[in-house]
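Two complexes, one shared chain (chain A), two partners (chain B, chain C).
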Partner chain A sequence: MVRLITHNLLACHAKGCTSNNFPLQFQDAAIELRDAEFNADFLRGFLPRIEWTALVGAARQLGDTSLPAEQPEMLDDEFLQKLHHVLLEVHVEEGAMVCPNCKHVYPISNGIPNMLLAEHEIG
Partner chain B sequence: MSRPELVAPPEIYYGDTEAKKYTNNSRIQQIQADMTYRALELLNLPEGEPAFLLDIGCGSGLSGEILDEEGYLWVGVDVAPSMLEVALEREVEGDLFLQDIGQGFGFRPGSFDGAISISVLQWLLNAETSHPTSSPPHRLTRFFTTLHAALKNPSRAVLQFYPTSDDQIQLITSIAQKAGFGGGIVVDYPNSKKARKVFLCLFVGGGGGQQQLPKGLEGEENEEAEGRALFEKRRERLRAKEKSGKRKSLKDKDWILKKKELYRKRGKEGVPLDSKYTGRKRKAVF
Partner chain C sequence: MPTQYLFVFAQVHDEFRIPELLSVAELYGFDIKFSEDPKERDTSRPFMILELKSEEHARLLAGRCILIKYVCEFYARGTSYEEMHERNRLRKPQWEKYIADTSFKFMVTAFNHTIPQRRQRDVVEGFAYMDFQGKIDMKNPEITLACFEEYPDRRGTIREKIEGDGEFDEVWFGRLIDVELARPLAKKFDVKKRAYFGNTSMEAEMSLLMANQTLASPGKLVYDPFIGTGSMAYTTAYFGAFVFGSDIDGRQMRGKAKPPGIIRAAAQYGVANRIMDLCTFDVTQNPWRCGELFDAIVTDPPYGVRAGAKRLGRKNQRQPKEGPPPVHVERPDDQQYIPPTKPYELSELARDLILLARYMLKPRGRLVFFLPTVTEEYEEIDVQTMLCEGMEIVANSLQNFGSWGRRLITVRKITTEKYPPPTFDPAHAVTENADVHVPAHKDFREKYFQGFKKNGSIADSSAQEV
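Up next, the complex of A and B:
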């Protein structure tokens, strides 16, 4: 149940891994699509928190190319629908997320990422 | 009976059997629900705006189900795989993570509109986990520092917990302060043995003392039942507010009703969760 909304907020938290530690890269991802309630207000309010390039990249890694490379200025309904789908309806069920910097692998099983660190990785 | 956090590490204590027992106990369901409603009240989120919340130590989703019902989107973290497994079976809506909060979070700055934690913090003071750990003060520091960073400014985190001494409260509040939080302790029904509840109510930002520490609930009652009745009344008020349209729910009514019915059935009859995939619309893409 990692959705891209959450993935977009997640950086590596291993000790000393403080730069180039975002976004985590998906590996061998198996995804499922599940309908979610559409709420335009929520999306508009959330947009400033999103790292756009990371979101587009993650979506493409998962085979979804519906988002434009540049964040559009006009937040029309058509765009919000696409954003809704990418952020809230794509669930990564299996696979892993890998830190681009320290290469720590966070495995995902049954939709749940394992964020536990080894002793030498704890900050 | 010994306190759970003194018995074994959390992910051992909440193994398969205990996770199910805990979740299906209707008394526990009621208490966790009441405290979640109260935590939401203390969170004091801006009205009418859908929020994105963090549920710290979400367990099997008893607190998260309330967040679902109230129309919030949320992320839950817990260190006990068996509890998370039950949460999956109950089909809570939040994104779940297997994580030891004493190791800290990796969420980007300003990720969440608020955080709640129901009956979890005492675990950081006591039993260690079977994963590598450091001392309790170190773990608390790591926890509060990374939590503070993950919350947007201004916002709040409300953490209900079961301290055993004033020293523990002191330790926790001083570490939270050093991590940059304002706020303090709110005690509900301080004179009631059973209904007494301790909430650590933390503020991020707010500029020059604008965030005021809420008052604890008062009541002369010594009976838990009465404490509960009071909670119930408050909840009704919250609902009334919602109906009057002051608080807009994120999710549509039918959806919530369906979900409520589902939880009710499971809670009351302990309906076996034969399949977590029942009736779900799934499209496997890869």
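Up next, the complex of A and C:
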């Protein structure tokens, strides 16, 4: 926690921040790797929701280069294993996520990101 | 050929029984045939006969439904032993395969009554005509024949234990099917024995019933947007799903020690790696990048009695100060900045939740949530009017606490159309529009604290508050 699947689903939601507000950039990320259960159907079902470029970028930022820059057409087992690892087994425990647009800092502590907005940031 | 099975249910949460059966059958993809006669579907009685295509289906139900206590292959019933035995003789084709050399035992028991030992023996002897040749084995029989006497429910009346012995309404008989029951899970998830819980934790049995309403199973993703201390996350994850949780108050999810409380409790149940992630945010100001992510949303929304319903913003709409938030001293729970919150009225919250679910659920996904209601004022239309296009009620089960209660509402998304995320705009609130039906759960918090007094507007009676 924060896993990259989660990171791929969160965008900056500060008032007025509606473009270039995704993906959030990791800052001072402390990473832990933990095994997760492999479920091929889950991965196949979820893939259409994933922003591929953002996923590859986030993984690389954290030092994992196992995913190809282009999303492959063939979802073979070898690919699904890699995807599984990147989406579900890399956890950012400490650090922050920063909005590329408005620079809002969302701190991560004990694996829980604080996505609350301040008073002047709500719509 | 469908076979009749005798199901014996726990005498609690009556209104949850049929929805739970239907959910589990839907999850595994088979049909249950209920009796056409409404009297036979009376859930205040512990017994119910269901027609199923195979014994495997009976096993699947017992393995998931929290309210099932026993399952039998049904042989006969009667208002007297004579009547029951007469019918059981006609059922011989069903049990004759056990005559020759199957070891067996009898189980004779009663509901709302205790049968004295002596008569239990008489009851067993009454089955002598079945002429079972196998040996009686009390410890490890190949089959158990179960006989249940059903007495009227006399809750609250005092009487001798065995008074009225034999004056049962009905007697039921069948072959007990050896199944792994889900019911003991209610003990496993006991809140008191949990590594982390709080005063908002949902009790174990209800958390399990809720998880069943979500159709949780491996490979699914379920979301609790008011996760608190995570009670439903554990049961839902236990049934195989991944769970995502968020709450406006990080302290609810973390507790004091590390790792976060929800992770500690999940680890106790062996499901820590199925907690996808936990996030701190106000669901009305949420960071979701897109919709159609979840197979189900399960939640106990705040209704202001213990865990107040809040949303970011100030009560009296005073202009927020410009500039960055004030610097706060770092708090032990590492939430450096706690923004101000304002109350969130229940009927408004319920409608927002359904709109959010329509946006966030995949087609066919389910929203399962509790709606507190004022017992005397509740009308079915209260629930109908909070729906929006594309969302349909699957079940509505009351847990009655007297003057108030809460309804577990299960809603299904029946549309594949794309809808925008909800605006969470209080301007759409029910109050603002005089033509709109005002549900009994509106201003639930105020009504609760006034003890649900009838008559008199809320403004009047609040004056009497001490």
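Everything that follows uses one rule, which is that the second predicted complex is superposed on the first by the 123 of 123 C-alpha atoms of A that agree within 3 Å, B and C clash if a C-alpha of one lies under 4 Å from a C-alpha of the other, contacts with A are read in each partner's own complex, and residues count from 1 in each chain.
Please note the rule applied: a residue touches a chain if its C-beta (ideal position, glycine included) is under 8 Å from a C-beta of that chain, and two chains touch if they have at least 3 such contacts.
These numbers come from a predicted model, not from an experiment.
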Simultaneous placement of chain C and chain B on chain A, clash or fit: clash
Chain B versus chain C as contact partner of A:I122, first or second or both or neither: both
First, second, both or neither for A:I112, with chain B first and chain C second: both
Which of chain B and chain C A:A11 touches, first, second, both or neither: both
Touching partner for A:L33 - first (chain B), second (chain C), both, neither: first
Partner chain(s) touched by A:G63 [first = chain B, second = chain C, both, neither]: first
Touching partner for A:D76 - first (chain B), second (chain C), both, neither: neither
Set intersection of chain A contacts, chain C complex versus chain B complex: 1-3, 5-6, 9-13, 22, 34-35, 37, 39, 41-42, 45-46, 49, 51, 110-119, 122-123
In the complex, chain A residues that touch chain C: 1-3, 5-6, 8-13, 22, 34-37, 39, 41-42, 45-46, 49, 51, 107, 109-120, 122-123
Chain B residues touching chain A - in the complex, by the definition given at the top: 49-50, 52, 73, 75, 77, 79, 84-85, 88, 94-100, 103-108, 110-111, 131-134, 142, 146, 152, 250-252, 255, 280-286
Touching residues (chain side chain C, partner chain A) in the complex: 218-221, 242, 244, 246, 248, 250, 253-254, 258-260, 263, 273-282, 285-290, 292-293, 312-314, 320-325, 334-337, 339-340
Footprint of chain B on chain A - complex, ascending: 1-3, 5-6, 9-13, 21-22, 29-35, 37, 39, 41-42, 45-46, 49, 51, 63, 88, 110-119, 122-123
